[in-house]
Amino acid sequence: MNSASTSVPALVGRFASETPFELPVIDYRLILPILIILGAGVVSVLIEAFAPRRARRPLQLVLVFVSLIAAFIAVIDLAKTQALTAAGSIAVDGPALVMQGTLLILSLLGAMLMAERTLDPSGDAFAPRASALPGSEDEKQFAARGYLQTEVWSLFLFAVGGMLLFTVANDLLIMFVALEVMSLPLYLLAGLARRRRLLSQEAAMKYFILGAFSSAFFLYGAALIYGYAGSIDLPAIADALSAKPSESSLMLIGLGMLLVGLLFKIGAVPFHQWTPDVYQGAPTPVTGFMAATVKIAAFVALFRVLYVGFGGVRWDWEPMLWIVAILTMLVGSIIAVTQTDIKRMLAYSSIAQAGFILVGVVAASPEGLAGAMFYLVTYGFTTIGAFAVIMLVRDGNGEATHLSSWAGLAKRSPLVATLFAIFMLSLAGIPLTGGFIGKFSVFTAGIAAGDTSLVLVAVVASIIAAFFYVRVIVLMFFSEPNDQTAVVVIPSVFTTVALAAAATITVVLGVVPQPLLELVAHADVFVR
Amino acid sequence: MNPSNVVILSAILFSIGAVGVLVRRNAIIVFMCVELMLNAANLAFVAFARTSGNLDGQVVAFFVMVVAAAEVVVGLAIIVTIFRTRRSASIDEPNLLKY
Amino acid sequence: MINASAAVWAEGAPTLQEVMPAEGVFSLIWLLIALPLLGATVLLLGGRRTNTWGPYLAVLTVSASAILGILMVVGLMDRGAEERSIGQSLFTWVFAGQFEANMAFQLDQLSMVFVLLITVVGALIHVYSLGYMQHDPNRRKFFGYLNLFVAAMLLLVLANNYLLLYVGWEGVGLASYLLIGFWQHKPSAAAAAKKAFIINRVGDVGLSIAIMVIFVTFGSVTFDDVFGQASEVNEGTLTAIGLLLLLAAAGKSAQFPLQAWLLDAMEGPTPVSALIHAATMVTAGVYLIARSNAIYDRAVWAATAVVVVGLITIFMGAIIGSAKDDIKKSLAGSTMSQIGYMVMAAGLGPIGYVFAIFHLLTHGVFKAGLFLGAGSVMHGMNDNVNMRRYGALRAAMVVTFITFMAGYLAIIGIPPFSGFWSKDEIIHAAFERSPIIGSLAILAAGITGFYMTRMVAMTFFGKARWEDDAHPHESPKVMTIPLIILALGSTFLGMALLFWGNIETWLEPVVGFSTSTSPLSTEAVIAISLTFVIIGSIIGWISYARREVPIVAPRGSLLTRAARADLYGDAVNEGLIVRPSFWLSRLLIWFDGRVVDGLVNGSAALVGGASGRMRRYQSGFARSYALSMVGGTVLVLLALVLVRLS
Amino acid sequence: MNTFPWLTALGALPLIGSVVVALLPRSQPRLAKQIALVIALATLAMTIAMALSFDGASTEQFQFVETYPWIPAFGISYSVGIDGIGLVLVALAATLVPVVILAGWHDVDDASSRTTGSVKGYFALILVLETLMIGVFSSIDLFLFYVFFEAMLIPVYFMIGRYGGPQRSYAAVKFLLYSLVGGLLMLAALIGLYVVSANLTGTGTFDYLTLVGLDIDPGMQKVLFLGFFLAFAIKAPLWPFHTWLPDAAAQSKAGTSVLLIGVLDKVGTFGMIRYCLPIFPAASEFYAPVVIGMALIGIFYGAFVALGQHDMKRLFAYSSMSHFGFIALGIFVFTTIGESGSVVYMIAHGLSTAALFLTAGFLMERRGGSSVISDYSGVNKAAPVLAGFFLFAALSSLALPGLVSFVGEFMVLLGAFQKYMFVGALATFGIVITAAYVLRLYQKSMTGPLLPALEGMKDLRGREIAALMPIAVITLVLGLFPAPVLNVINPAVGTLMTTIGVTDPPTTLNPSTTAEGTQE
């Protein structure tokens, strides 16, 4: 390219003549699930605008559940598809479909948690009116009148739509847009807690500032990659890598910054610091939903970038990710040991879990991908289940998240304590839970790829992690209840179903993992 | 104009934005710095579109602008809420969540 | 000291007897053991229901065994000398790989005499105990334990292999433990019992290892396999086996250096002292050595060690016996000493085994008589054991006195009492091996005369030094009849066995025998030893019958004080073994808690500490999070670039 | 061939029982106990029936084999089967469970204990544990074994943590974390083994017999061996990985301790025999000196520490550690006698531990739960039957000849001596210290003057005697007639010796050309 002196109109003209603009062909069937969800999001906005206040909640709920189920059916319909569409920007393939299906089911469970409104005597988990000042007279009136912030459903749907898009994004632009469509609603949702609103708002602001900051890194990385490869298409980038392996500094810096954006969403160390604050501050249903789903979407994107786009330079990124994985596992596990807030503890736990999944990424093999996908599924259900339990454990001021309130909980409610114990054991990777098979798959991939020392670090981290998971069980089961001990509130059918589903899936994946293992094993190839 | 100079400019802008995020205390200005970073990326995209001889970069720039606009909406909403609650736009003031 | 080559030793060694199948009365060999075992089971599990008839059942089972034993000895006598070894195998007991040990018995001439000793003396002591333990609330247990002992002891002498012998070996140890500690409420009794068991265990280690060496050498632990092939094994191995067996024997027979438990064992009821700690169990060591003659005959140094151990113990026992004021402990010292004689004799080789067993038998009878006599005295003296509070009892307890005197004359070796014959033969054999050994044996015989005279004088002669509430009286018939029987044994058994029973020829097929070629004539030996015995007795008489015996013991010479302290055996054990063990224990407990567990808890604390420090970096300021992101970005880029450069 | 799914049925029975017990209403504790006992006895009966149809002379290594694919994606199958070694250990578990249930009848009654769990919960956990114990001894798929191995932790964890003494949660957490450390190391090694099998045969597998047949590179063996061995050494526990045991034993109910030390910990030594030796023969031989050293240290270390204990349960724990030293010694000397002896020792130790802990449990129950030795004196006077059983347990623990523990101990020592004379002889001295601490305990607690506080102490009741009697009888009968056990163990050990390719050292005289181990 030495046509620096060419005038702009001439340039445009030349493009127009040489590469006539073709409207990209879009196979709408392939993106039907995304369209359904985003369309529902639009309808949801319209409902907010035009439906009467009393009708909004039922309408929104029907809309959300119907659209999620419809989208799920659409995903099933696409089973085993391997196709590109929209000029190669969207890749519908095994990993994408499996993860989309998982995301939709998890979103369904998340929606059930968000729809729960029998736990808090004054309504659901969200502020009656986000604009009202915390503690003000306004707020009290809104609460008293039973106002509900039904906009959360629009936000929710757009976030889900963004995630679905994230999993199929085959070029960096779509990926960026999906990232933002997913994140922006979540920033808001994080700030909408009914109780402890200062914390919630703080969480939203931190999440937003840091999220935007990381997006900027992602975007600038994408720009540099574009500068290197001349394209933002992942397959095209791969081609460029094999065509011109030299002059790579642009590529390396670009890749690094791109990864920073994705690692941020995953919650990998040292880009993890938002996680505990946001998980703790956000309304618990949102935390559960977000913890389970964002990680899945971001990991699929990470896999796609690394395997499809940068598979040719795996020797470059493997050592770096190796270090990040070790840091993530160790820092997450170690800091969690001294946490006293259950949500914060689970946040650090999710960091550690991200580290374990990164072992599968570093393996850079189909087994690694399959293992990580399995892990993500079990992690998603376990996490959402755990946060569902947290919603139920309450005292006078809402959820009782301080660990001291959990002492002797098993005596108050053996069932809930048992469920939580199952989730903890799964996170700790004890056999007969899904978490064990997940760890097993990922570690197997790691050792098969020769990363034995990484797996050993993972083992050490697992041991440290086991300590704090076990500690909660000790508190619940081995202590006597005291006057600080929280009560377990009987939830409505929404949470009950979500909780039961999460627990069932966690155990079933541990006992009969074969169907899912087969699914992910057959879906371990990205289309390019 | 040599596109590589433009890229360097974009890098400088990006750095200014990043440093701004780190050093400024006012949430609005921090936010503006983030926007500056996004726009620096835009500039890089446009510049690279020129060197690579296709329009992708320019298309990206438009998309990013739209996304940035959406981001502004969300961001300002959050910041304004915080400001109303705390009577301060300092990014350091909300500091209840830690350790 | 000993100047003999292996060849000399092997002279007179027996050839292996052919083992005959068990037919007729011998098909009941197992029943010999089973009867008392049944008695023990019924008594120990039966609970209070057996209180009334239990003791009689115990007497019955042992008596039945004794009758069976007598039938068998008659049966054996009917057979030719070469057909007197009878084997009975019940089933394969322990087996794995090449190893195989059967639940199998071997009744031969050696076992036979032991069976008789055990069952007959055992039966007598059972009967005696009916009277002695009449008022003890736990007497059914006592009889149960006694029966258990008889069963275990019979197993010991009837086993046809070392491993099964080991079962009997520890079985008698257990019975001994239970009986020494029978009066468990007395802390001293409980402590004595524990001590006996633990010291015996040290000996058992020797037996264990001996069995292992035997197995890896011979590929079998059956007596026949071992003895039949002992000649093919090098002397070093045999010496090792011999020394290990000696360790075992020393433990069970209270020989130096494992002698310390026997004196304390007198905490048990007196019939126990008579049966177990004088007549039978403590002689198991002698049995073991005699049984293993094929090994010792080819391992001169092991045999020499046996002699040395025996000699040391003869003197230790005699000296301790001379200083004790407790009648039972004095008798216990005497037992040590007498067993020392047997052990020494067994170490002399084929010339000695027969006499070791001979002395064992006569000693079994007269020492049982002496102990039971002592028990009878105590019975009449409110269980006081201090001889300084006895005196002039001959009139008060005539039967006891007379029977005791029979035992006394037997033990010091006055002809024609039975001890004379057996001890004399041992001294004679010792002279044969070496004049030094012989002289020492004679010297010890003199000391025997001294301490036994001292005992008799203090108990039955002199002035009465009774405590105020003592009303000495003769014991009931159930006690005196066994005394009389044993006294008759003490008097005539020696002659009977020697002249009528032909003990040498009887035992020769098992342990071998070589006739004496002593430089000293038999008469000379008899004369010298009798002289020493009489001198010792006279000294004892003068010191304790003619002179006033102070009620409180005088301070005594250095040797006396040492002897009263059991020649510091306990002190040595305490200082060298017990205390260091507890120090080590305390050290290891400290180590376990602080170091091993400390490392475990320390690593947990380390993680906790790291956690506490690391979480401080989560400062809550969004901008510092952003800073760490920037830092992270730099690191990521550096990593990528560095990898590329390398 | 037998087509009845013996092992699955055997494992399922207590599991079903535990579900039934767990679903009973809280107000029916008595019914829960009764059902648990009946189920446990039924399991025992079924075990006996299975043992009777076990063919000791079979040429197949495993009998009653059932194989169903479970997770084919990783070559994992639900494969169970049993050899002589597994059979006797399953039998041990099946025997001890009803005993423990009977003995612990009132252990967790709400009125008498300060525990946090419910009555039915305790008995349900015991039954779950029985299922897992049966599973762990009969898996012939390594993954399945691992699953049972780890899953076993959970019921025990709850049994200690919910039904234990004042420090129970510390003890439970320590137990769990310690075990998890071992378990996760083993997981890493297990995965490594899987990957190795995939490299060697093309398809990865966890099938035991396939893995045994692999020819693994010695260097790799050494690495993988460590993972397995450490897990087993922690479980067993061998010195210096033992410090969880005293705490766990001291804080748990007698029944829990019995199942934990008597059966569960045997998984460690069982694992060494079943997995370490045949799969990693070269590594086993390489590490044998180290392991033997650890075992020797453990024998004496445990015994000496036990000698100075002031707490009965801690004493038993350290004594067990010493005994486990013997078992490990027998395993790693690679002689037929040693291996067989180790297995017999496992059985014997299970029985003697049960006798000790249960008797001590009955004793403590009568003294407000104190396990401090100096709180007792002269018990024999007040409760002679209890003291009698206590003595029997003590004698069983010190391996009195005539009891089954002697058979095991002697075989182990002989096996060791056969290979390493010095080691065998040295280890033999352990029996003296064993006698010293066991009898010291008996002397201090049972003999001497009766403490005033113990006046009027009740002797054992019928139920308690009924619980102890079977143990005593089995201990004695097997001591005098161990053939039923040896007959099934010896062929299994023979196969093992053939697999690892070691022959016994010949004896000087009469070296038999075909040791039993190499016969087919």
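Per-chain numbering from 1; labels A, B, C and D assigned in written order.
Going forward, contacts are C-beta pairs under 8 Å (C-beta built on N, C-alpha and C of every residue); 3 or more make two chains touch, one makes a residue touch a chain.
Keep in mind that this is a model prediction, so the values were computed, not measured.
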Steps needed, at minimum, to go from chain B to chain D via contacts: 2
Middle chain, criterion being Cα centroid separation: D
B-C compared against A-C, more contacting pairs: A-C
Most distant chain from chain A by Cα centroid: C
Computed distance of Cα centres, chain C from chain B, in Å: 96
Geometric centre distance via CA averages, chain C-chain A, whole Å: 80
Intercentroid distance (Cα basis), chain D paired with chain C, Å: 36
Distance between the centres, which are taken as Cα means, of chain B and chain A, whole angstrom: 24
Where chain A touches two or more other chains at once, by residue number: 205-206, 209, 213, 217, 276-277, 467
Chain C residues counted as touching two or more neighbouring chains: 604, 615, 618, 620, 622, 626
Per-residue multi-chain contacts in chain B, two or more chains: 18, 21, 30, 91, 94-98
Chains that touch, pairwise: A-B, A-C, A-D, B-C, C-D
Footprint of chain C on chain B - complex, ascending: 18, 21-23, 25, 30, 91-92, 94-99
Residues of chain D that touch chain A when the two form their complex: 69-74, 116-117, 146-147, 150-151, 153-154, 158, 161-162, 168-169, 172-173, 176-177, 180-181, 184-185, 187-188, 191-192, 194-195, 198
Residues of chain A that touch chain D when the two form their complex: 408, 410-411, 425, 428-432, 436-437, 439-441, 443-444, 447-448, 452, 455-456, 459, 462-463, 466-467, 470-471, 474, 477-480, 512-514, 517-518, 521
Residues of chain A touching chain B in the complex: 1, 4, 11, 15, 19, 130-131, 133-134, 172-173, 176-177, 180, 184, 187-188, 191, 197-199, 201-206, 208-209, 212-213, 215-217, 219-220, 222-224, 226-227, 229-232, 276-277, 280-281
Chain B to chain A touching residues, read off their complex: 1-3, 7, 10, 14, 17-18, 21, 27, 30-31, 34, 37-38, 40-42, 44-45, 47-57, 59-60, 63-64, 67, 70-71, 74-75, 77-79, 81-82, 84-86, 91, 94-98
